[in-house]
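Residue numbering begins at 1 within each chain, and the chains themselves are lettered A, B, C, D and E in the order written.
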Amino acid sequence: MDIATLIGLLGGLAVIVGAMLLGGSISAFFNVPSIVVVFGGTLAVTIAHQKLGRTLGLVGVLKNALFDKQQPVEKLIPLIVSLAQKARKEGLVSLEGEDISDPFMARGIRLGVDGLSPELVTETLSGELQALKKRHEYGHKILRFMAATAPSMGMIGTLIGLVQMLRTLDDPSSIGPAMAVALLTTLYGAVMAFVIFNPLAEKLESRTKDEVASKSLVIAGVASILAGDNSMAIQSKLESFLAPAQREKLAKGS
Amino acid sequence: MDIATLIGLLGGLAVIVGAMLLGGSISAFFNVPSIVVVFGGTLAVTIAHQKLGRTLGLVGVLKNALFDKQQPVEKLIPLIVSLAQKARKEGLVSLEGEDISDPFMARGIRLGVDGLSPELVTETLSGELQALKKRHEYGHKILRFMAATAPSMGMIGTLIGLVQMLRTLDDPSSIGPAMAVALLTTLYGAVMAFVIFNPLAEKLESRTKDEVASKSLVIAGVASILAGDNSMAIQSKLESFLAPAQREKLAKGS
Amino acid sequence: MDIATLIGLLGGLAVIVGAMLLGGSISAFFNVPSIVVVFGGTLAVTIAHQKLGRTLGLVGVLKNALFDKQQPVEKLIPLIVSLAQKARKEGLVSLEGEDISDPFMARGIRLGVDGLSPELVTETLSGELQALKKRHEYGHKILRFMAATAPSMGMIGTLIGLVQMLRTLDDPSSIGPAMAVALLTTLYGAVMAFVIFNPLAEKLESRTKDEVASKSLVIAGVASILAGDNSMAIQSKLESFLAPAQREKLAKGS
Amino acid sequence: MDIATLIGLLGGLAVIVGAMLLGGSISAFFNVPSIVVVFGGTLAVTIAHQKLGRTLGLVGVLKNALFDKQQPVEKLIPLIVSLAQKARKEGLVSLEGEDISDPFMARGIRLGVDGLSPELVTETLSGELQALKKRHEYGHKILRFMAATAPSMGMIGTLIGLVQMLRTLDDPSSIGPAMAVALLTTLYGAVMAFVIFNPLAEKLESRTKDEVASKSLVIAGVASILAGDNSMAIQSKLESFLAPAQREKLAKGS
Amino acid sequence: MDIATLIGLLGGLAVIVGAMLLGGSISAFFNVPSIVVVFGGTLAVTIAHQKLGRTLGLVGVLKNALFDKQQPVEKLIPLIVSLAQKARKEGLVSLEGEDISDPFMARGIRLGVDGLSPELVTETLSGELQALKKRHEYGHKILRFMAATAPSMGMIGTLIGLVQMLRTLDDPSSIGPAMAVALLTTLYGAVMAFVIFNPLAEKLESRTKDEVASKSLVIAGVASILAGDNSMAIQSKLESFLAPAQREKLAKGS
């Protein structure tokens, strides 16, 4: 599912690189000092604006959010229902050998099989969900800060380049290339903000919402399994978590 | 009614094309690489920022929102009242052959004729309304994101064009045309954002509000018909959904 | 009172026209295609973004809001009190011939004289007030949308003009005038937004607040007259609607 | 205390005038038509956007807010306590001759000495406080509107100047000075907004908050004096109005 | 921990200075009048916009917020628990000689040892926390105001420089350097806002949130120690203040 983000980001960058290549060579758009000013400056200011640990945590948050396989909600319910049926028939211990595809659900079941009370399992899983939510929120805020900072650093770089160029107007032939280099930082800042940081922040926000919804459903499902609820009761209870469109998809699938 | 949106959008584009034609030929404003950068770039970033399914769903949402015939509220009430009278006189089954112009109402009536309880019919219709609302909200958010992204992609394209032009200032006669091409992406981005995406987002938001109001009235009306309510009671119950101006219009019409 | 808005708008435009005249002739600032792009474009996009009826209703809303004579609250209370005294002495019917300067109050009194119960009169007047509030809110939103759209259309027009100019740099003497024309659309858009639409939107918002306050007071007063309340009781009841400064003014006047 | 605002505003303007003088003479920055466009235009639009009375009231609001001596809260409490002690010992009438430095408190005491009940005095003072708050809020909103309008009028003036200049490019030597004049309106608008209107709006907002807090304390204090409360009770009652830091300062002072 | 802010800010400035040095000498970026306009102007306007005392307090707020050692929450709980155990075994007075690393906690314990009731100690500490929160909030608002003002003063300085340059276009060789100087103020304003004030404001906000959380925990802990609570009860009570991730870290540490 999150392949869309990777394809989108790479597609956006490909379009930009393509436009650069059309004008001849891409080397005209590659300038080490400009890269240092925009990337380095944005990084430095980002480090300054928040606890170091939270900023470093952003990498992990993004990796988890974009690469972890997340089961669609419509597949989780049949899985939970079948596990509940098995638990009722063969006892909770029979779930020990089950290969459960959702790692969050698997952890909850394992805790229950190991003898924790349903209340404690629910509390533990809820605690993990809260921590995930908080980490994602910080990640989201940091990405927004970077999206606001990168164009500013680009503007600062361009101003520096313009001042340097304007002080040495003796050689007219150097004006054009010098100004081209000065504009590069603005270009870098805009690409970083609008093609990378902003869409990632939006994605992280939307993904967090979906993940919280899905994990809340799993928590309720695991609690029901451990409590030995009737599979019909579980089904109708879990369906209240779904939007109507998802309920319909689920009905078709089963 | 929504003809206004089509006329408005086409009118806005016509005005812009007209202004382009005044300067000679429109071909000066047509540049394939610039189109690819702005359209392709905006598309790629939009795909990256949200689940693919929701982005693809935008087309359907817009089609439904702009082309579906929506009955004015003042016509729905007399329709509901007359159906209620018929149902009371000739029985609910007599509505089976009725040709009901509002498809949402028709679906509700059919479910009731098929034997579902009024409560279940209400729940089903409410579920459909919630799903519609959510789809529209996502559509609205995506359009706003595109309206914010298109000018950014236009600026990136112009910066790329300027850098390319500035590096090859040898031939003065090429400066003008090169800069003209560089500005095209900014122009495309502005037209996309201000003439297309922004008004569509506003329209979708306002249309959603109207549609939710109208469908809520239909749900209440269908429930009353199925419950066999008195037509006078239905009328006064449904009128509480109306703004005073609409109530007056209804009074004049009947 | 609302003469201030007319004087302010005309004054603002006069200052701008004066500045144009200082540079020679005003004809330099008059360009039909530019006018069509900005005015036509803003109009088209405004039509697209909202139900046609609401956009057309804006004219009426503005006319009512800016030209209708609105009685100051401090004059309404003595009027209501004197009507109440007359009604108590000579009976409600004696108000039939009264020439009541506030048309909203007059309508309420007439309904009461015609025999409607105070509750029904209150409900009818409240309904009219709600409808007025809603119309004004739509008017306000549409004006804000136009204030945001006009500069965008101006920018689009300027970009079109710049591209046309840059493609034909052969004749250096034409650069200046061509660029002057290109800038006109930006100028038109800025004047429309900042001198006309924005102040009108602010005025409409502030006027709506004042009118709702004044009409709420009239509704309470008419209800008291019809209920035959004691004039002292009416006075103190209505004064609770006033800000302290208004109460003082009223005390001085009486 | 509010000397800071005057020093700050004058300091800001001095810095700007100093920078102008560095470039030779300040006369280059003085242009009557430009002043008329920005100052006149902003004034006209401000008059248009709100009831005339409220806009004219802004001058009084600013004068009161910036020049009225406001007693620090830490000095008001000992004053109230000592007045309460005197009133309990020598009777309320003994306060008649007191020279009370805070005019708001003095008015309240005088009303009480004149025989009004504590409830009526409280109501009267609260009414005055509400009126002050409302006047300040309008003042604040109007200043924000002016801060947003001035740069817009500056931009309009610059566009007019640019168009005039561009139409008469025949004399190259006149380009520079004409453009310099065109830029003056943007400069005026920026100075008005960022050096004058914006800081004044912030100051008025912060001052209003402080004044409401201080006057609320006076109202409670006057009510206690008139009710003949014990001075210890008054002290502890009033201290609950203070922030902890102020309470400490008060403790040190006494 | 807050070393990150210093490193980030210095790193950001180093990157910018490095970019300046690349163009030859840094002296081209050093201009006393420009510094006076932007720094002095921002300072003057900041002084004008808020009570002088609060603006001067900003320095202390920043020093405390960035340099004070703040104990991580996970270390505070074991400390509180061990103090509670000692107090229960050897009596509250035995804490007198303890060297408590957290000064806020130490002050609370000392007050308790000196005989204040737990309620009074809690009230005193809460009062200090409220005062700290308020000071930080003002500091945060002032930094945001400065971040908004600095670029405006930079723009004003650049406009002044441009007007001066444009009036003396006689010597073409002076245009470049004059424009370079004019741009310096914009550069200064951008660096001040985006590299210094904005990240500091964000940091202060985030630091305030962390500090309030940590001090709230200390207040609850000190109250429990003084009340002679059981150490197990204290532990589980304080853990409810922690996020799940912190709870886990604490579990590992003990």
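The criterion applied here is as follows: a residue touches a chain if its C-beta (ideal position, glycine included) is under 8 Å from a C-beta of that chain, and two chains touch if they have at least 3 such contacts.
Owing to the predicted nature of the structure, the values given are computational and were not obtained by experimental measurement.
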| item | value |
| --- | --- |
| Fewest hops from chain D to chain E - one hop per pair of touching chains | 1 |
| Chains touching both chain C and chain E, listed by label | D |
| Chain B onto chain D, rotation angle from CA fit, given as a multiple of 5 degrees | 145 |
| Chain centre separation (chain B, chain C; CA means) in Å | 29 |
| Centroid spacing, where centroids are CA-atom means, of chain B and chain E in whole angstrom | 47 |
| Residues of chain D touching at least two other chains | none |
| Cyclic ordering of chains (reference chain D, direction chain E) | D, E, A, B, C |
| Interface residues, chain D side, partner chain E - complex | 1, 4-9, 11-12, 14-16, 18-20, 22-24, 28-29, 173, 175-177, 179-180, 183-184, 186-187, 190-191, 193-195, 198-200, 202-203, 206, 210, 243-245, 247 |
| Residues of chain A touching chain E in the complex | 33, 36-37, 40-41, 43-52, 55, 127-128, 130-131, 134-135, 145, 149, 152-153, 155-157, 159-169 |
